[in-house]
Structure formats: C-alpha cells, structure tokens
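Given below, in the form of structure tokens, are the structures.
You will see subunit A twice below: alongside subunit B first, and alongside subunit C after that.
And now, the complex of A and B:
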C-alpha cells in the first residue's frame, strides 16, 4: 500500500492505461505492434519538449518559443549539412548549441529587462521564426530544397532497436537526467524553491536570475534535441517545422502535473502526458474521427488539465486552513 | 556581556524624506531587545538595513566588531544575522528539512544533495535549541506556530548570532504565543541576540529585556524595559494624546442592547465541518465582538453572512425581512460591508493606488451611464483620506508602499464609501501599530454612534474588552454565549474562550 501511494502521477498512469485499453478494444490496428512503434516514434520528441517546458513552468514561467527554436535548429542543421557539407558529428553539437543559446537568450531577456516570460517568449517566438526564414537554405539556394540529409549519424533517430526507436531512448536519457537533477541536486531544489516562493528564495541567497536563465536554457536545449529527432525522421527541414507544437508541449507538461502555480511537479509526468496525447490523437484517428476535430480535442484536454490543477490547488489551500485550526 | 551587534549612525534618505536619521543600536549576546515605533517611524528601514535588503546612506553595522558590507542579503546571512519576517518566507510545497536549508543545502560533487549530512545537521540543530519539528512534514500542512518555528530553525541553521523577529505573533493564538516564547527563551539562553518587534505591549513586557524606541526616524529612547511604565512607553513613541486614547479604551461608555433596534438576526446557522447552530442578533448602533481561538470558525461564520461562504441550514434576517446570503454582490446591495482579515489577499489591490482602492465597492455611485465623474471621485477620495487620516494624503500613492496601519485605514475606508448598515470587521488591527490602532477604535466608535451595526471579530482580549458593547464567544464552531461587556471580566471571557463550561 505504501508503495502504491508513493508512485508519482498514479492517477495519470491509470488514466493512460484505461485510455489505451479502450482504444485497443475498438480498433485492432491500435493494439498492433506497428502502432506502438508509430506512437513511440511520433511522440518521443514531444516528450522531450514537454520535459524542457516543465522547468520554466515549475518556476512560474512559460516558454512559447520552443516551436520556433525547433525550426531554427532544424534550419541550422539543414544549412550546415546541405549547403556547407559539414559532417554529422559537427552538425549535432552546433544544433544543440544554437538551441541552448536561443533558450538562454530568453532567460536573459526575462531576468535583465524584467519582462514577463509569456511576453518575452511570445516575442522571441516570432523573432526566431523570422530568423529561420532569413537563414533558410531553401530560399538562398533553391536547388538544395530537394536534397535529403542522408548522414548516418543524423539519420540515427529514425532507426529502431526492436520495436523501440532510438528517439525513444534519447527521451529516456533526457528523462532520467532531468528527474535526477530535479530530485537529487541543489539545482533541482533551488528550482522548486523559486517556483514555490520566489521572494523567500531570493532572501535565502538563491541566485534566482541564474536559475531562470538555466531553466530557459534547458528548454532550448530540449527543443534542439527534438529538432534533431524531427530532422532525422524527415531527412530535411522546413521553415514551418514545429508550428504550434509549443501548445502541445505545454499541454503535455500540464497534464503531467506541472502546476502552473509553480513549484510542483516532476519530469516523469510530462512524458506520460505527451504519450497520453499521442494515444488519444492516434486512437481517435484510427477509430475514424476527423483530423479536424483533433485540435479541438487538444484544447479540451488542456482546459481539463488546467482545471484539475486549479482544483488541486484550491483543495490544498482549504486543507491548509483546516490544518491551522487543528 | 560582550556586544554582539552594533549599528552606528545609520541614516537612510528617500529623496527629501529621511526615513532613518543617525540611528545607533547595540545588542548583546542573550539579550532580547524590542524595537518599537509607530508607522513610518523607521523600524522597517532599520530592519531592512540589518538584513541587507537595502543600503544605508551613512553609518555602519558591526558584528563582533567586524564591519559588514551593507545592502547585500548574502553578506548579512553569512555573517549570522537572520530574520523572521512578518509574512511567511517558506516554500509551502517543500518539506521542513528542505526549508531549513533553503538555498544552501549541503552538496557533494556535481551539486548532488548530501541528504545524510543535511538530516544529521538538522537533527543536531533542533536538539540544541529544543525545537520539536517533524523534518519530513510538508510545510503547508503545519499549523502557523510550527511554520514560525521552521523559520526560526532556518535562521538558526545559518548559525545566526542575531535574530530579527518582525511581529512573529501577529497570526498566532494565545497558546501558540506561549510556545513561541518558550522557544525565544531557549534561544536567549544559548546566547543568541534577538531584536523583537511587536505592537503588543503585553508581549514586549513578557519577553524583552531592553527597548529601543523610534519616532520619526530618530531613536528617542534606549533603556531597560523595566525602567518604563506602559504609559510612558506609549507616550514616547506615539505622543501623549494618542497614548491616552489608546489606554482609555476600557473606560468608554458601553451601549445597552435595544431589542427594538435589531437589524441583523441570525437563526440556527449551521455548516457541516465549520459551525453549528449559531443564533445571535445585532442592533443598530452597537458593537458586537466575536472572540475565540484560531479555529473557532469565527471568520467562516462572517464569510457566510457576507455571502462568500455557503450555509447548510439556518436563516438570516435583515431589517425584519429574510435575507439570502447569495453572494457578496448581494450583501453589498443590502449595504453589508466586510473588512477581511487578510488584507493582502482578500482586501486590497496592493499594486493600485489609494484612490482606486477606496472606490472599489462604490463604482456605481461615482459613475453615470458608465462614465466616471472625476469631480465626485476627487471629492469622495479626499473626504475619506481626511476622515481616516491616511498618510501620506496622496490619492495616487500605491497601497503596497503604505504602512500596515494606513493600508488598514484604506481598507476600512473602502467600505465606508458604501455607508454600510452592517459593518463586519475581521481582526481589524492585526499588524497595525498602537497609534493607528487607537485611531481605528475611535473610528469604529464614531460609526457606532452614527447608528451603524458593527461586528468585530478579534482574538485580542484588550481590544475586545476595550470596544465591545456585547461579546459573543465561539469555541470550535459553537456559540459559548453572548455577554454584556459591562458585566463580565476579561478573566471569565478567557476561560470561556478556552472552552470551559460556563456556570
């Protein structure tokens, strides 16, 4: 019983299992191994993005620019490989550096100019997308548009080991690292402290600004990894890569129990959240529900998740006042 | 004993305003020194300099004879000056253990937490200062007094030699205050120097050795607390007239309860898990004080009458007609005003100015066809500011920059704009200095004399005995009884509050 009580996100896991079972009953395609592969390869990058998103939200912020960072990183990879003919092992570190830098810039803007994260990342969302068009090799060297990125290393994440795609292993590594940092290190505890009570954290000498920059940097880093996975699968990149994906990532993080009030949540939840969305979206498609209905469903899920977050928050608050009177 | 902390000639100016003028203060090991002063006397400025939140224009602070760099919180913390703020500075979702070491958990390589060391150190600390805390409890589940102890432990974990306590008892009940005092005495015995700020004179005389009195940014007195009588102490920091008003509270004329004048009648109000079978009535021009310990559900009852809390059974009558506690909007329509306990959370728009706050409930009175009449706005605002003596008398001043007393006056003023028939005040003087307190009392009495029916919820016995015409005592959601203030002693009330059966 004790063990059961201490499983994190147990309600979410239960919901995930039930949803999967229901779709399996209604669709034989859904329960096939091929479909499991599809969901794993189709949503691993979303899981990575959702983990990245978790950190800014934990600190009462939000990162709307991840979709644009993803496109920017994708385009940098395209340019480096197709136009400048760099080998994959050079392209990868460049891609990661670009994504992380874009995130760090978000963090610096937020802390230096004291702009709300929502506005800052809304602005950089537009700016990074614009930059992607500006550096687009597809526009600058039109004949490059038809060339594929066929490097072995860069194509790695489209390959499988058994039914598990490499991108899923990448997700597991990111998850393990993020969860370790959050639960076992000073950095993690500082993040929770700032999210839980920023003023208290500041008065305790926690470097609040530094931690904010780190969290947005991490979000950018994750966006870069997601870009690598996506480019790897498509063997190319476009200016429109990842449009709207920030909302899906935020939804996954919030479903995964990252509280918008800050300071509550872990890295596992967002990943389950991402795959839950995968199961629902793929399941609906396979049971024959129109693809046009899917954004509506994403919206409904987001509202439901946020309402549940608010509900938990109020329940906790009324429990606290009861605690005081005890 | 040796001098631990020495602040010398501190001066702080904000533009043309001198908040603190050439102030010096000394604290010895094992000394509890109280720092008193009215709103704006410079107490907060002095505390902020000592915690490093702000820099001083002049002067220095020495700890064990070593000068400290001012204006840097980390320096002050590391030197051993800890502060327990009036409002909680804990992270509610984290455990006690993590809160104690907030921002400086012991780490191994790669910033990995050293849980073992952290726990061992914390246990040693709790033992050393005789604090009893469950290290694994989540802070948000603890009662307020335990949370204060966590804050104390947090300060001590830094090896704090000096502890600043800013109104630590403001949110505590009587028994909790006693627990806290035990902790303070333990600290004192282990050589910690304490600067204790409170508006409760009882507390100062109970716990402090010496006193520093600030007035208008100057230190006007520095002596052993036993050298001053209460009256002298009050006079020193709020001036003679106000001091008389504050202590004269007990001799005010109580009004008889006139059954014909009843305006609000509550019959058998019950809500599961909160209060049970409560009946009382309230007449025009009387002050009914509702008292009880924290957890006696007084506040919940008031919220129910105001419509911000629901009701399971029971009826409320207003001016003879049955009244439905549907919503606060409905209460306001019926001219019931409610000054809530937590003014930061429920009462004021902290980032808005005095004017906007004052007019918050009376928007329809200042607007015609939805257009705000600026002349009416100015008239009303300047009238309230003058009537309530809000300082500074500037309608555009942001409320969060005002002292606690002035914030409270703005909050009360907001409801006066409604010309309430019934005004409910929940703990109207918590976190308010003695000067502003007596002003608020005078105001409440004036409203009563004008015919307003007033309910004051208060835990402060002196306050209850001072302003009540009748007193209702509640204990864990039940009515203990209603008494005429003129015919009952404070001792009896205290006994009833504790739940003793009445004879």
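And now, the complex of A and C:
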C-alpha cells in the first residue's frame, strides 16, 4: 500500500489504463501493434511540447507562443534545406538555436519589462507567426512549395526501431533530462520555490529573473525539437503549422498534474497527459464516435482535470494551515 | 449498439462505486473485459465482408458537407459499405494522424481534401503501399494516388473574366479580393482570371489584388479601403462567394450597386439567391453534391471490383462541369442542386 501511494500521477495512470482498456474492448484495431506505433509517432512531439510548457507553468507563467515558435523553426528548416541547400547536420543545430533564442526572448521581455507572461507570449505568438510568413520560402520562391525535404537525417524521426519511432526515443531523452533537472538539481529546487512563492524565493536570494529566462528558453528549445519531429513527418513545413497546438500542450500539461497555481507537478505527468489525449482522439475515431463529439469530450476531460487540480490545491493548503495553527 | 453497451457498463460501474465496495468495482470491470472482448470479436467477424470508406475533410464548411452528402447518397444504397466523416481541423498534423489511424484500421477508400499538398504525401504513399485507394477533392497531393476530382478553377475563372468584361462593356478598372497565398486554388483562379481578361478584354485593367482571407467580414473592410484608394473601380472579382458577397454589402451601403459588376466563385446558395435579387452579378457554379457523387462512384467501382491501389498506374483527374450563373442563367440551377 505504501508503494502504491508513492507512485507519481497514480490517478492519471489509472485513468489512462482504463481509457485504453475500454477502447481496446470496442475496437480490434485499437489493440493492435500498428495502433501503438501510430499513437507513439503521432503524439511524441506533443509530449515534448508539454514538458516544455510545464516549466513556465510551474513558475506561475504560461507560454502561448510555442505554436508560433514551432512554425518559425519549421520554416527556418524549410528555407535552409530547400532554398539554401544546406545539409541536414547543419540545419538541425540552426533549428534548435532559433527555437531556443525565441524562447529566451520571451523570458527577457517578461523579466525586463515586467509584463505578464500571458500578454508577452500572446504578443510574441503573433510576432513569431508574422515572422514565419515573412521568411516563408514557399511564398518567396513559389515553385519551392511543392518540393519535399528528403534528407536522411531530417527524415529520421519518421523512422521506426521495432515498434518504437525515433521521435519517441527523443521524447524519452527530453523527459529523463527534464525530470533529472527538476528533482535533482539546484535549478529544479529554485523553480519549485519560485512557483510556490516568488516573493519568498527572491528574498532567499534565488535569481528569479534568470530562472524565468531559463524556463522560457527551455520551452522554446522543446518547441524546436517538436518542429524537427513534425517536419520529419511532413517532409515540408507550412506557415500555419502548429496553430492552436499551444492550447493542446497546455491541456496536456494541466491534465498531467502541473498546477496552474505553480510549484506543483513533475515532467512525467505532461507526457502521460499528451498520450492520453492521443488515445482519446484515436480511440474515438476508431470506435466511430461522431467527429463533432470529440472536442466536447476533450473539453470535459480538461474541466475534470482542472477541477481535480483545484481540489488538490485547496486540500494541500488547508492541511498546511492546519499544521501552522497547531 | 456499441455505444449503448458502453453507457450501460459505465452506469453499472458507477453504481458499484457508489455502494463503495472496491472489490465489486474490480470484479465488474473484469467481467466487462471478458464479455466485451467476446462481443467485439463477434462483431468483427460479422463485419468482415463490409467495405469501409472515410472522408477526411479540411475542416467543416459548406463545401465539404455538401461533398459528404453526395458521397453518402451514393454509398447508402449499397448496404455493405460503411462510411465515416472525419474532421481534419484545418491542421496538417491532425490530417496525418487521422490518415495513419484509418490506414491501420484497414479501410478500403480514403477521400481527402488535403490541408497541404506536400505534407500529406508521405501518408498517401503509406496508404498506397497498403493497397488503399485515395481520392483527393479540390486540392491535389504531390504523391500519385488513385484520382483527383476538382472544380474547374482555371477555365472557370477565365470564363468569369469573359462574362464579367461583357457586362462591364469591355472597359474599366477591376479589383480582386483574394485568398491568402499557399493554396493552389488561389493561383489557379487568379491566373485564370488575369489570363481571361488579357485575352477577351484587353482594355480592362486589374488595379488591385488584396487578401481578404476567404471571409465576408474581412472582404467588407478590404473593399471599403479599396474604394477610397481607387474611386473608379467598376468591377470586383472575389475568388470565393463569401468575399464577393462582402463587396456586395459595401456597394449596397454606398449606393454603388448599379455601377459595379461583382463576380464570385463556387456557387453557394447565398450567392445564387443574391444573383436572383439582382445584387451579385454572377458566379461560377459547380454542383458539389455531384462532385461528391462522382468521387463515391469511382470509389465504389474500385472497392467492389477489388481493385488494389497498386493496380492503378496513372492517377485519374476529373474536372467538374460548371456554368457561369448570372441573372439570365441562374434559374437553370434546380433547388435540389443548390448547396
């Protein structure tokens, strides 16, 4: 019993297992190995995005610009490969640098001008999207629009090793790194402290501004990785890539137990949250439930997850205050 | 039947949960698993002979719903074909995931209007390797597939230029309300219109070409600004009906309706009614129900004839017939053809 109580996200894992079981009963395709492959390759990038999103949320912030960063990085890759004919091993580091920089700029804007993260990233969401249109090789060189990115390295994340796609291995690496940073390093400790109480953290001598820049930079880095995975699958990129994906990533993070009040959560939850959304989308499609009912069901699950989050938060708070008065 | 069973199961689990006995919940879940798997195995064998077809739409809108209706009309008379409509949400990644899901499910035919011609191609190639017939509607894919069925964008727009020029008396200034770049339909329609004007009415000048995002509301704003910048505009071509109707709204409000010739493209119900009221000057009308029926006919011929996608060496290409609907010809379009 003690062991059971200490599994992180146990309610979420239980919900995930039950949902998968139910769909497996009603669709023979759902329980096939091919479907496992599909879900793994189709939602690994969302898992990566959700881990990235977790850090700003842990510090009571939010990053709405990840969808636009994703498009920007995708378009940079497209331009570098199709227009400038750069090899894949040059394109990859450029892509990662662009995404991380875009995230760091978010962090700098938030800390320098003291603007709410919501407003800042809302603004950069529009700005990065506009920049994507401006640098779009598909429009500057119209005949390039029908060319595919056929580099072996850039196509790697659409390949499988057994039933596991390489994008899933990338997700596992990001997950391991993020969880290590959060639970074993000074940076992680500082993140949780700031999320719990920013003012107290500042008074303790934690460099809050530096941590904010790091967290948004990490979110941008994850968006770049997600872009690489998506470009790999599509063999091209489009200007409107990733519109609305920031909300899906935030949903996955919140379902995964990252508290919007800050300071609570781990890196594993968002990944399970992302795959839960994948399982639901694929499951509903395979069981033949109307395409219009699907967003409704996703909405209901989100409300349930957030309500549960509030419940946990208040329970924790009342427990703490009870401890203080005693 | 599946859904009913699911609801019943959930109810019974909930009931047990209320009675607060954990053991009971687990045992009832187990029971559900056993019964459910027998049930689904039974269902699967019963459905083995059935053909399955899906339509992955761009996103829900008038045209794709009319296609779907046309497809359903043809397929519903054949008992052994199961049809499902899916929502691509206007996103390439969602469409790719849906493609992979239905490929894995082993459907026989996929109808799709791709969000992006290149991005969908790896998924189309995968479908082809599995022997699945793919039929694209209006937006082609770069990977070869069974057939592409589209409205006659280029020649229709040429014809619009011809009729529009005649209505303008062969002289004047024309503005285009356009779609955002990146979709091939935009280029085909714009090029057709420009080429048509050059050929039939060289004295008509195209003085403005602006993006109004396919939207009536946006077109109102864009066209108002255009009129201020170029007061002498005597013709407008909206590359879809919504944008043309936006221009009609503005012209009506400014009392310029009798001085400006306005043409749309597609032929949706609102546009045809506007033509009958004498507001919109004309549009290219395509029977999109019929387009859906053609797609479904091709699909059912291939599926019931057990034609594998690999057997198709050349991609079929079908251009839909159209008419230029104006006040004189709009009555020819029957009520049941209007979408």
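One rule holds for everything that comes next: the second predicted complex is superposed on the first by the 321 of 326 C-alpha atoms of A that agree within 3 Å, B and C clash if a C-alpha of one lies under 4 Å from a C-alpha of the other, contacts with A are read in each partner's own complex, and residues count from 1 in each chain.
FYI, contacts are C-beta pairs under 8 Å (C-beta built on N, C-alpha and C of every residue); 3 or more make two chains touch, one makes a residue touch a chain.
Here the structure is a predicted model, which means the values were calculated and not measured.
Could you check whether subunit B and subunit C clash or fit when both are placed on subunit A?
fit
Of the partners subunit B and subunit C, which touch A:243 in the superposed model: first, second, both, neither?
second
I want to verify one number. Taking the Cα centroids, what angle sits at subunit A between subunit B and subunit C, in steps of 10 degrees?
In the superposed arrangement it comes to 130 degrees.
Using the superposition on chain A described above, determine whether A:93 touches subunit B (first), subunit C (second), both, or neither.
Once the two structures are laid over each other on A, A:93 reaches no partner at all.
Could you look at A:145 and tell me whether it touches subunit B, subunit C, both or neither (first, second, both, neither)?
It touches subunit C, and subunit B stays clear.
Under the stated touch criterion, which partner chain does A:288 make contact with: subunit B (first), subunit C (second), both, or neither?
A:288: touches subunit C, not subunit B.
On subunit A, which partner touches more residues: subunit B or subunit C?
With both complexes superposed on chain A, more residues of subunit A are touched by C.
Would you check which partner chain A:199 touches, where first means subunit B only, second means subunit C only, and both and neither mean what they say?
After superposing on A, A:199 lies in contact with subunit B but is clear of subunit C.
With both complexes placed on chain A, how many Å separate the closest C-alpha atoms of subunit B and subunit C?
Nearest C-alpha pair, subunit B versus subunit C: 22 Å apart.
Sort out for me which residues of subunit B touch subunit A in the complex.
Residue positions touching the partner: 51, 53, 73-74, 77, 83, 85, 88-94, 98, 102-105, 107, 110-113, 140-144, 154, 294-297.
Contact residues on subunit A for subunit B in the complex?
Residues 184-187, 189-190, 192-193, 196-197, 199-206, 263-264, 316, 319-320, 323-326 of subunit A touch subunit B in their complex.
For the complex, which residues does subunit A have touching subunit C?
Residue list for subunit A touching subunit C: 18, 21-22, 25-29, 32, 34-35, 37-38, 41-43, 45, 136, 138-139, 142, 145-148, 158, 230, 233-236, 238-245, 278, 281-282, 285-289, 291-292, 294.
Which subunit C residues qualify as touching subunit A in the complex?
2-3, 6, 29, 32-33, 36-37, 39-41, 44, 60, 84-87, 89-93, 96-98, 100-102, 104-106, 115-119, 121-122, 142, 181-182, 187
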